[in-house]
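I have a structure here, written as structure tokens, and I will follow up with some questions on it.
Chain naming follows the written order as A, B, C, D, E and F, and within any one chain the residues start at number 1.
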Amino acid sequence: MEVDKALNESRASDATRTARGSGIATFMGLPHTTTLTGVDAVVVGVPSDSGGTPGSSRGPRALRDVSALLRPANASQGIAPFSILNVVDYGDLTVIPGSLQRTYEEIERGLDGILAQDVVPLLMGGDHSITLPHLRAVAAHHGPVALLLFDAHSDTYDVYYGSERYNSGTMFRRAVEEGLVDVAHSIMVGLRGAVYQPSDYDDARALGYEVLTMDDVVALGFDQTVDRIRSRVGAAPVFLSWDVDALDPGQAPATGTLEIGGFSTREMLGVIRALEGLAYTGFDVVEVNPAFDGIRQTAAAGATMIFEFLTLLALRRSQVR
Amino acid sequence: MEVDKALNESRASDATRTARGSGIATFMGLPHTTTLTGVDAVVVGVPSDSGGTPGSSRGPRALRDVSALLRPANASQGIAPFSILNVVDYGDLTVIPGSLQRTYEEIERGLDGILAQDVVPLLMGGDHSITLPHLRAVAAHHGPVALLLFDAHSDTYDVYYGSERYNSGTMFRRAVEEGLVDVAHSIMVGLRGAVYQPSDYDDARALGYEVLTMDDVVALGFDQTVDRIRSRVGAAPVFLSWDVDALDPGQAPATGTLEIGGFSTREMLGVIRALEGLAYTGFDVVEVNPAFDGIRQTAAAGATMIFEFLTLLALRRSQVR
Amino acid sequence: MEVDKALNESRASDATRTARGSGIATFMGLPHTTTLTGVDAVVVGVPSDSGGTPGSSRGPRALRDVSALLRPANASQGIAPFSILNVVDYGDLTVIPGSLQRTYEEIERGLDGILAQDVVPLLMGGDHSITLPHLRAVAAHHGPVALLLFDAHSDTYDVYYGSERYNSGTMFRRAVEEGLVDVAHSIMVGLRGAVYQPSDYDDARALGYEVLTMDDVVALGFDQTVDRIRSRVGAAPVFLSWDVDALDPGQAPATGTLEIGGFSTREMLGVIRALEGLAYTGFDVVEVNPAFDGIRQTAAAGATMIFEFLTLLALRRSQVR
Amino acid sequence: MEVDKALNESRASDATRTARGSGIATFMGLPHTTTLTGVDAVVVGVPSDSGGTPGSSRGPRALRDVSALLRPANASQGIAPFSILNVVDYGDLTVIPGSLQRTYEEIERGLDGILAQDVVPLLMGGDHSITLPHLRAVAAHHGPVALLLFDAHSDTYDVYYGSERYNSGTMFRRAVEEGLVDVAHSIMVGLRGAVYQPSDYDDARALGYEVLTMDDVVALGFDQTVDRIRSRVGAAPVFLSWDVDALDPGQAPATGTLEIGGFSTREMLGVIRALEGLAYTGFDVVEVNPAFDGIRQTAAAGATMIFEFLTLLALRRSQVR
Amino acid sequence: MEVDKALNESRASDATRTARGSGIATFMGLPHTTTLTGVDAVVVGVPSDSGGTPGSSRGPRALRDVSALLRPANASQGIAPFSILNVVDYGDLTVIPGSLQRTYEEIERGLDGILAQDVVPLLMGGDHSITLPHLRAVAAHHGPVALLLFDAHSDTYDVYYGSERYNSGTMFRRAVEEGLVDVAHSIMVGLRGAVYQPSDYDDARALGYEVLTMDDVVALGFDQTVDRIRSRVGAAPVFLSWDVDALDPGQAPATGTLEIGGFSTREMLGVIRALEGLAYTGFDVVEVNPAFDGIRQTAAAGATMIFEFLTLLALRRSQVR
Amino acid sequence: MEVDKALNESRASDATRTARGSGIATFMGLPHTTTLTGVDAVVVGVPSDSGGTPGSSRGPRALRDVSALLRPANASQGIAPFSILNVVDYGDLTVIPGSLQRTYEEIERGLDGILAQDVVPLLMGGDHSITLPHLRAVAAHHGPVALLLFDAHSDTYDVYYGSERYNSGTMFRRAVEEGLVDVAHSIMVGLRGAVYQPSDYDDARALGYEVLTMDDVVALGFDQTVDRIRSRVGAAPVFLSWDVDALDPGQAPATGTLEIGGFSTREMLGVIRALEGLAYTGFDVVEVNPAFDGIRQTAAAGATMIFEFLTLLALRRSQVR
């Protein structure tokens, strides 16, 4: 089924016709299809928590459900992204609870099919360990990519629990080892919280990443933070990985590893919107754990970020064309 | 799209292939389509709370989400309903928040399209006021139907708030007035709780309904309760309306009007399973209000009842064929 | 202000005129006044948790708020209690957080003013320790009364924490020592749960109380349980103290001391309704702790019991007149 | 009953005499009366959600309950408002669930009685649609008023769901059409979030409103924002409508339409306090939906704002006298 | 450190000396030690959810925390178990998130050390998959044991997700294949809920297990159910595995797989208490998922069962001596 | 048992060996012992709410449980505190619910034993009233100490409820009267919210305290706030009392007295970290009320502050040596 842009746009604005939150819960009411002819980007779920936070497997459904609150245009950026991009909800990739290895294989296979059609994937996790197969798939199509990470943690440990090499605390070390990231253009933003050794962030730097801790961000201010990111990433193809714990727990409580003192949503929106124009090749929003989400405010923040990412993609597309 | 029974069955048992709760949230993972060729029954949402309990509009999505817990076979009844029935998730009917009249028109129009294809609808509310247009549509196709109501309340008041004739406290009086129910074969089961006048239940009886209060059910016992229902309904085409407040708040807390002392889920399952063989023409499950549902236990009870109703339909179909 | 019975009844049925739960939250919408001319019974709050469960001080407001769900007639008992009794919401008695002794003095003084006008008080706790000053006040007016206790615990320990004599674990020993109860007509029903010594219940019996543990109730059955209570209490003036933990936590989770295996609400309603005709002189509903009450199902159970107690009082009044 | 100022003040400071949160839940423990002789302002509830967010009908009771946390003096403004103003809790206006038109008529009639006695109403919603009849009543007494709106949304759409003209998304267009607002002195502050068209805010401007989006507020800073508001409103009689979603969901999660990136409570307090001296004629606090309010932090924010509004009124009164 | 029985008993009754719930949270305040000289039984946690329900890893801490509600004597059984048994809290066994195989090895090694000292382990899960290594360790010391399972599910599937052989849905097939259970004396009680095939329970029977579905239990009654269990188990060494989903979700909502229509806590207590005198060699309480446990009622039920199991052990010990 | 520093450090970083949150819940997994040879500081609970917020008695267990999220090093301060300090979890002091006087005596006796061994106590409350006996014990060993208070309230009232002198609203007046604080070096930071009289803060100043209201802090900025604190405290021995309501309810909702407009966690971390080098003699973290803590974000903030305080102590120790 080829998706019609006009239909697409109208589907995402149901509240003018029926109650908000009506109908099968796809992301923003987008069509659900795995046929990608004419499609520019897909929202796709990966309901896996085998590599980290138990319960984050329920993230994709929560993000879809709460996305009914979103209207289809972005006034801050002055654009209606669905008038520029054809976007569909691809559904969820297969995951194998209890076998991270098989889950990785399924994710890589699933994304390969999407990327082969020149479609940009926006993944909804799941725990953060799913970013490794995502990077593998993206790197297979685009070569090594600049990692732009918003996160409270660097996730560059070597092993956990003595010898476990694959989980949500190690994947950005694995990504370097596997040659998936263009580390010279990669940057980690917002790191904070208690660590294992005072030198933990130096370990990330030793891998080649630039690191802006939350202390750095506050010291620099947000405008300069944006400048630092833009100058680091440059024109490289960029992969934006967004862990919801980059936000402060006061605004995004429903996640596995609470670290106080994070970005406010307003600060985050400002930074993300200012990062328009980069050569985005993939996105993910991870670690939303709806079990603890009260009125679903964390999922609302996560869903809004996906919308902002779609806007970035639309802006870039309208500039490049 | 014609739905294939084998596919149908496999779709409803995803947990053998990927994580439970994966994918777009349709009821039990059934295909989502509005094309009804070859379809026997549809699960369809009506996310309206304009006639009663605020928040019950979110019921259909909650029921769909939690239905991922259900496996596809019914051991107690010895049947795999999806091997007998083609069932799809039709999505939600259009509703107009703030205008119950327009909502009623949309529901009637929507159901007319379904019933015209000889498909049995299972409605997920929404507040209980949606049963009136449901009855109108069913009566238009089948003539007056026997109402089999499980509820804590008779909902046979004349008006609320001075002059309001259409809402979730009046529809079973309206249904008689409009000639929609075959009242001589109709029965209300489980009524209880504080009332406006000690004679309130007599008003329901005066309309022609048989009434079994919860006190009556306890005095009769459950086997005799089933006998009374079967003998009342007989061979008439029957419409089963199931308000989740028929259950005790201890097991189904998430509803608008808590009345202690209701059916336990085990008692309810026993009664419903024993009611196999009746000529069912329509079902609804109403008044699930997920805002208050903690671990979603009320929605789980509601979703299980939908599954049991599908089983009743499959049993009947296998007997009649 | 003298309260008019007709007004009284109409106030308690607001849902025929405006939305349920409208207006200042008095119990069932009853008039709030401390002028008792012509009044038969008062509902009165005691927001004290100084003698036990932290948070139960918020019980009275929760019971008032949720009582908006109750309609004014009792179909099971065939009576509209407010057509027989003038009832008002007296508000709350003064309590002194941190000083149980001063709180006791305030409760005794407050109740003395009510009882002096021949008005029956229905207390809403608060923790169970408030029953001691309640008994003191009632005994001062009526002489020693038969205690009819529904509770998971006997609360007949001598001291807690080495030397503390006044709290929610000791008051029914104090009540005997102070000569407040007619112990030969007193009975404790529903005791259960882990205890300090296997002989704990024998200690209550040694004080003169009859004890029916939950094991006893189940073994006897509910009809015989009622017979045992009626024959124990006889014609004595009776004080009914109802701790919400008499109910099972599945139906009344919001209380301080969870003991699984209690009365279901249906069983409790059956027993309470069967106890009509006794010479009631006072009631309390205690240990509702709304902090943990989700959709307020525990408060709903508690508020319903108050309504049932009012019904008992109305039945008795209509019989004695 | 004439309300005595000294009594009034003491009623609002119960915690010096008994436990906080004791007694019938009126706003801040103020006297509950509908007799307005000598009264300067009333707090009045409108428990209606027929025009928008299901569940916001429970807002007034939540605001009253949580207001027990408030003490009676405002140190930041250096004033004890109840020493200057006589304030009472008027209770709730009649509402008709399911009929917004009848609800509007009841609100207009109810407020007319209050305004006729030169009393300033502070409304507690309910959903935001109740502001339209509030404006009608105020405009009938004062002529068109300057609207000072704090909100995430402009609520100036023409219709919803095809043809619905009255609901919580359209009332500020209706208000202009009906001539209720002095649009040249009116201003909307804090608009943000995804919209239907990138030009949505221009539609509000086209109606004559000044619009400060949240982006604008951040760019201007809070001091200049205050200046812009003061210079826009000038000496006109002003109506302050405060939607709790003006606040960030991190601090006020319990509302119907979560929009991340809003005012912090500290920023809001700063702006509101700086707006002293305007000619206030009416206030409302709307869209508090306690179903999702955890520890009631949203209601606490809402109740505090009512207290700040009372302070503004007291300051104005003390200046004008 | 050798544990002194008198000390042991006093530690478990702290509420006579300080506030309940004081101190480091061990199970019922028992001493925490891994030195087992003179110890009869240990409570030991296995915080693993790698084989099933995400979040059940937090079960052991929840069970310990809520166990503060339990007093040290069992009046129903007429025994104070800690006067007969020396019991300690052993802490938690090592688990390896993400590697079920390594977790199994750690559990087997840990339990081997306990069983080697002739100490009976009571495991607190964790998801149900931990019962397999528990059975391995017990069988290594006692030979094949009779499995007495209370559960809503048979957990006898061959594989999940295509080829996964070890998880919480397969372990009782693995246990037979590995020769760990004396299947001729083994019995599964309480099975219910939707299944994959109508013949699912026959698969369990084909492995040799006796199966009493919940339908069977209700049909037999509880006394006969006990008789069937006792005659099946006989004098064989018995391993009692207790999945909290054997209870109804109304009383134990906090678990991964809600199945309505289960045992009430009162029925369960009755059955468990009647099973005194069997030759118990190990126990577990699994699938408590505190994320969803509100006031912790599910954990309270689980902790009470552990106490009842300790009582069974004490009774047996007092009989055998 | 003497605690070994290396062991100590490893115990606090369990996540490298087993799952986070494993084992008996001590603070950060520190050893639990009351033997203090070689110990520098203890974390100790005081589960008392007899002087204030009901439910805060459960604070210590919540803080311990959630502290499993903390890793052992502080990158912002560049130090691993457990490599410098020997710290243990002392367990809880005895408290006597219902008797604040006996509770005070127990706290003083318990702390005397700790301080006598030159160990710095970090108390976890409990309500704020426990700070008075803490100050008594500290002053007995160190003489009057500078009070550094972060709080929304001054807690310097004379009496509550007519005549109650000891509770969580009066202790900092009592502390001056008893000569426990070096008032000339004492300072209160962050006061805000509605008060009883506009002059309330002047009363605190009249006792000798310097007062920085939240308005003052915002006006000064955080750098200057730190300067003011440092210059006030100087070289005096300092007692840091930290009430969680110093934080904004958006980030720390679970406390008894919600006051909007407080410190963000980021601001608080900045201020606390900048206060390194003072002569700390004692700390407390009070008023965490886990009943309302959702995902435990308030407890997470509180536990992080304890970690930051340990860091301050380690920094001071490393500087002074």
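Keep in mind that, in the parts below, a contact is a pair of C-beta atoms (placed from the backbone, for glycine too) under 8 Å apart; a residue touches a chain by one contact, two chains touch by 3 or more.
None of these values were measured; they are calculated from a predicted model.
Peer 1: I need the common contact partners of chain C and chain F, sorted by label.
Peer 2: Common contact partners of chain C and chain F, which must touch each of the two, are D, E.
Peer 1: Looking only at C-beta pairs that count as contacts, which pair of chains has more of them, D-F or B-D?
Peer 2: It is D-F, judged by the count of C-beta pairs in contact.
Peer 1: Tell me which chain's centre, taken as the mean of its C-alpha atoms, is farthest from chain C.
Peer 2: Between chain C and the rest, the longest centre separation is with A.
Peer 1: Rounded to the nearest whole Å, what is the centre-to-centre distance of chain A and chain D, using the mean of the C-alpha atoms as each centre?
Peer 2: Centres of chain A and chain D (C-alpha means) sit 38 Å apart.
Peer 1: I'd like the Å distance between the centres of chain A and chain B, where a centre is the mean of that chain's Cα atoms.
Peer 2: For chain A versus chain B, the centre distance works out to 40 Å.
Peer 1: Name the residues of chain F that each touch 2 or more other chains.
Peer 2: In chain F, residues 17-19, 57, 96-97, 160-162, 248, 250-251, 264, 292, 294 touch at least two other chains, as defined above.
Peer 1: Based on which chains are in contact, what kind of graph results: line, ring, star, complete or other?
Peer 2: It is other, because the touches fit no line, ring, star or complete pattern.
Peer 1: What is the complete set of touching chain pairs?
Peer 2: According to the stated criterion, the contacting chain pairs are A-B, A-D, A-E, A-F, B-C, B-D, B-E, C-D, C-E, C-F, D-F, E-F.
Peer 1: Provide the residue numbers of chain B that touch chain A in the complex, in ascending order.
Peer 2: Within the complex, chain B touches chain A at residues 17-19, 21-26, 32, 45, 47-48, 57-58, 61, 64-65, 89, 91-92, 94-97.
Peer 1: Write out the stretch or stretches of chain E touching chain A in their complex.
Peer 2: Within the complex, chain E touches chain A at residues 49-52, 54-57, 96-100, 102, 160-162, 164, 166-167, 291-292.
Peer 1: Write out the stretch or stretches of chain E touching chain C in their complex.
Peer 2: Those residues of chain E that touch chain C are 13, 15-19, 66, 69-76, 78-80, 248, 250-252, 264-266, 269-270, 294-297, 300-301, 304, 307.
Peer 1: Taking the complex as given, what residues does chain E use to touch chain B?
Peer 2: Residues in contact with chain B: 160-162, 192-198, 200-201, 213-215, 218, 248-251, 253-254, 257-258, 260-262, 292, 294.
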